[in-house]
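Next up: some structures, all given as structure tokens.
What follows is a pair of complexes built around chain A, which joins chain B in one and chain C in the other.
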Partner chain A sequence: MLSIFVTAFVVGGLICVIGQLLFDVANLTPAHTLCILVVAGSILDGFGLYEPLIDFAGAGATVPITSFGNALTHGAMAEAEKHGFVGVLTGMFEVTSSGISAAILFGFIASVIFRPKGKV
Partner chain B sequence: MMDEKKYAELESKISPKPPLIRNLFTAFITGGTICLIGQGISVFYMTYFDFTERTASNPTVATLIFIAMLLTGFGQYRKIAQFGGAGSAVPITGFGNAVISAAIEHRSEGYVLGVGGNMFKLAGSVILFGVASAFIVALIKTILVKFGVVSW
Partner chain C sequence: MKGLLKFRTNPTIAATGVVVGPLEKKSPFKPLFDKVYDDERSGQPTNEKGHSKLVEDACMIALRKAGFVPDDADFLLIGDLVNQMTPSNFCASELQIPYVGMFSACATSISSLLTAALLTESGMSACSIAGASSQHNAVERQFRYPVEYGSQKPETAQWTVTAAGVAAVTPNQAGFPAIVSGTIGRVIDLGVTDPFNMGAAMAPAAADTLERHLNGHGRKVKHYDTIITGDLGKIGFEIYQKLIAKKKIETTNNLRDAGAEFFGDDSDFQAGASGTGCSAAIYFSDVYEKMMVGEYKRVLLIATGSLLSPLSFQQGDTIPCIAHAVELEMK
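Here is the complex of A and B:
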């Protein structure tokens, strides 16, 4: 029970270290870095490697943006398994709906209640 | 007169080097802490609601984005980002922050053209490349399964 908190901290931290290396060493913009991480998560799931990481690290693997790519790919592959090629398109947002719906909803609420304070 | 090469040399000597080790350390601590909080939230959902280890990630992500909304709205996420660098950008809260800060900033242009039109200005590329790569990966895997090269 306690060990999952340690692995979540370490694995999540290490994924962010990879992001920081892409910032500082490869001189990429944050947008490019996040895109690379999303694609990396997607490819890892293609090889079936991301789910074992979630089992090992819990939120350390599901909170970083890599899990967004993983969830999209996972939904697409799960539907493709059931319905063939059509499922690749239709299954994509099956798993990962909450991140986008929460961002849209809370973004809208924030725009109603908060006023810009310089650069937010 | 200094030629360009000399100037570049001098500039790189004088300008401060990005403190790489320090940045990596703060990114590790910040990102790790956000994931630790996420783990706490998902344990909460597993204990008090009917969620399993796999399904708990959805409400966890939504809760983290809610927290990101409060921090962004009160101008605190910017401070975390200054300290944590990639440690604050890579977790899903960074994605939330990108959407929410764009929504707040463009509020003055109206809800339809300002908020609606600019919300995904920064985060849109993440969705595009996520969807595109998910499509390609799943398509390749489906083809490979059809030909019997690999199995699901």
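Here is the complex of A and C:
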């Protein structure tokens, strides 16, 4: 039981370490870092490597943004099997639509209720 | 040598006005600021309107201390970092003083002061308001990320201050700091592209202007009670001192940097303060006060500016930098 938490923490943490290194060592912007991690997750899934990582680390692999890339590829491939090439386009946002809709919805609610502030 | 200014009539700074935001309460110079806002938007609905209010207040304070009202002032020479300098433009709209927007990024405090001194020397100005301002949230949004986004900053980054500092420049009056000479800087670009390391980008410009000022006006560093740069910050200030040593300029312990000192040793503010208002706030509070009470007789102010735009660094361009210098003397 406890080992699930430990592997999730270590794997999720390592993905974040990669992101932090892209910031601090490679001097990339947050937008670049985000894109690289999403694309990395997508490519890993293309080679069938991300699902085993999820089986191994659970939330450690599904919570970081790399999982979004994984979901994009996953949806595209699943739909492609059913509907051929057009499925690549329709499937890409099938699995990810919940994440995208949630971001829009909660972003909207937060912006209606709160007023952003600086450090003060 | 080109770009040197020598004033025969020695225009004086009759009064100054410095207004800051709430985080600037943490500055050791807080008691010297004329007005401190508790609200980061200076009681206005937006950051940019708050920015405008800050500089307007500073102008009114300087005018009042000099015994003037806005109608008495001949010229308003101010600038900031926001696109097309709208905060300064709106301030000028309120005050109705004939206005020229001044832009030298964070070196605007000095380029505006030198322009005011030239207008005064020409006999066409009895009172000019010169200065600069910046507002943290408005500037960060434009050049880096909106503060609400909560982006991480590296240790080399500097903290854009919320501050406005202006000076009322008049023909020579006894008992006030006089503007005796100045040096207009050259743009120096050694290829730094990181907008989170402005200090390193600006240090060579500061060292170049210092060298040209000393050689051009036949001065030694020890001639001054202090030589205070604008906003090199802790990292930039170290590089600047190394560059001076490399140029074999004999220094004493009279070198200061407004950006490195603004927030004391508070590590919350990374490598120190920056922003157009940074040098203006320290020059027109601490340095001005020390001259008025006789602690400083001769000072050299060197304000440094990074002349980048959000677009230029996104396209991977380098950061061109400038430094302007002005020599003040208490006669």
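The rule is simple: the second predicted complex is superposed on the first by the 118 of 120 C-alpha atoms of A that agree within 3 Å, B and C clash if a C-alpha of one lies under 4 Å from a C-alpha of the other, contacts with A are read in each partner's own complex, and residues count from 1 in each chain.
By our rule, a contact is a pair of C-beta atoms (placed from the backbone, for glycine too) under 8 Å apart; a residue touches a chain by one contact, two chains touch by 3 or more.
Everything quoted here is computed from the prediction, not taken from an experiment.
Chemist: With both complexes superposed on chain A, which partner does A:Phe5 reach: first (chain B), second (chain C), both or neither?
Modeler: First partner only.
Chemist: Identify the partner contact of A:Lys117: answer first if only chain B is touched, second if only chain C is, both if each is, neither if none is.
Modeler: So A:Lys117 meets both chain B and chain C here.
Chemist: After superposition on the shared chain, which partner residues are touched by A:Ile109: those of chain B (first), chain C (second), both, or neither?
Modeler: After superposing on A, A:Ile109 lies in contact with chain B but is clear of chain C.
Chemist: Considering only the touch criterion stated at the top, classify A:Met77 as touching first (chain B), second (chain C), both, or neither.
Modeler: After superposing on A, A:Met77 lies in contact with chain B but is clear of chain C.
Chemist: Which partner does A:Ser67 reach: the first (chain B), the second (chain C), both, or neither?
Modeler: So A:Ser67 only meets chain B here.
Chemist: Quick check for you: in the superposed arrangement, does A:Pro30 touch first (chain B), second (chain C), both or neither?
Modeler: It touches chain B and chain C both.
Chemist: Would you mind checking which one, chain B or chain C, touches more residues on chain A?
Modeler: For chain A, the partner with the higher number of touched residues is B.
Chemist: Who does A:Val38 touch here: chain B (first), chain C (second), both, or neither?
Modeler: After superposition on chain A, A:Val38 lies in contact with chain B alone.
Chemist: Check chain A for residues that touch chain B in one structure and chain C in the other, and list them.
Modeler: Residues common to the chain A contacts of chain C and of chain B are 23-24, 30, 116-120, listed in rising order.
Chemist: Which chain B residues qualify as touching chain A in the complex?
Modeler: 18, 20, 23-24, 27-36, 38-42, 53-54, 57-62, 64-66, 68-69, 72-75, 77-78, 84-87, 89-96, 99-108, 111, 115, 119, 122-123, 125-127, 129-131, 133-135, 137-142, 145, 152
Chemist: Mind pulling up the chain C residues that touch chain A in the complex?
Modeler: Listed in rising order, the residues are 21-23, 39-40, 136-137, 145-148, 151-152, 154, 194.
Chemist: Which part of chain A faces chain B closely enough to touch in the complex?
Modeler: Within the complex, chain A contacts chain B at residues 4-5, 8-17, 19-25, 30-31, 33-35, 37-39, 42-43, 45-46, 54-55, 57-60, 62-69, 72-73, 75-77, 80-81, 84-85, 87-89, 91-92, 97-104, 106-111, 113-120.
Chemist: Report the residues of chain A in contact with chain C in the complex, numbered from low to high.
Modeler: The touching residues are 23-24, 27, 30, 116-120.
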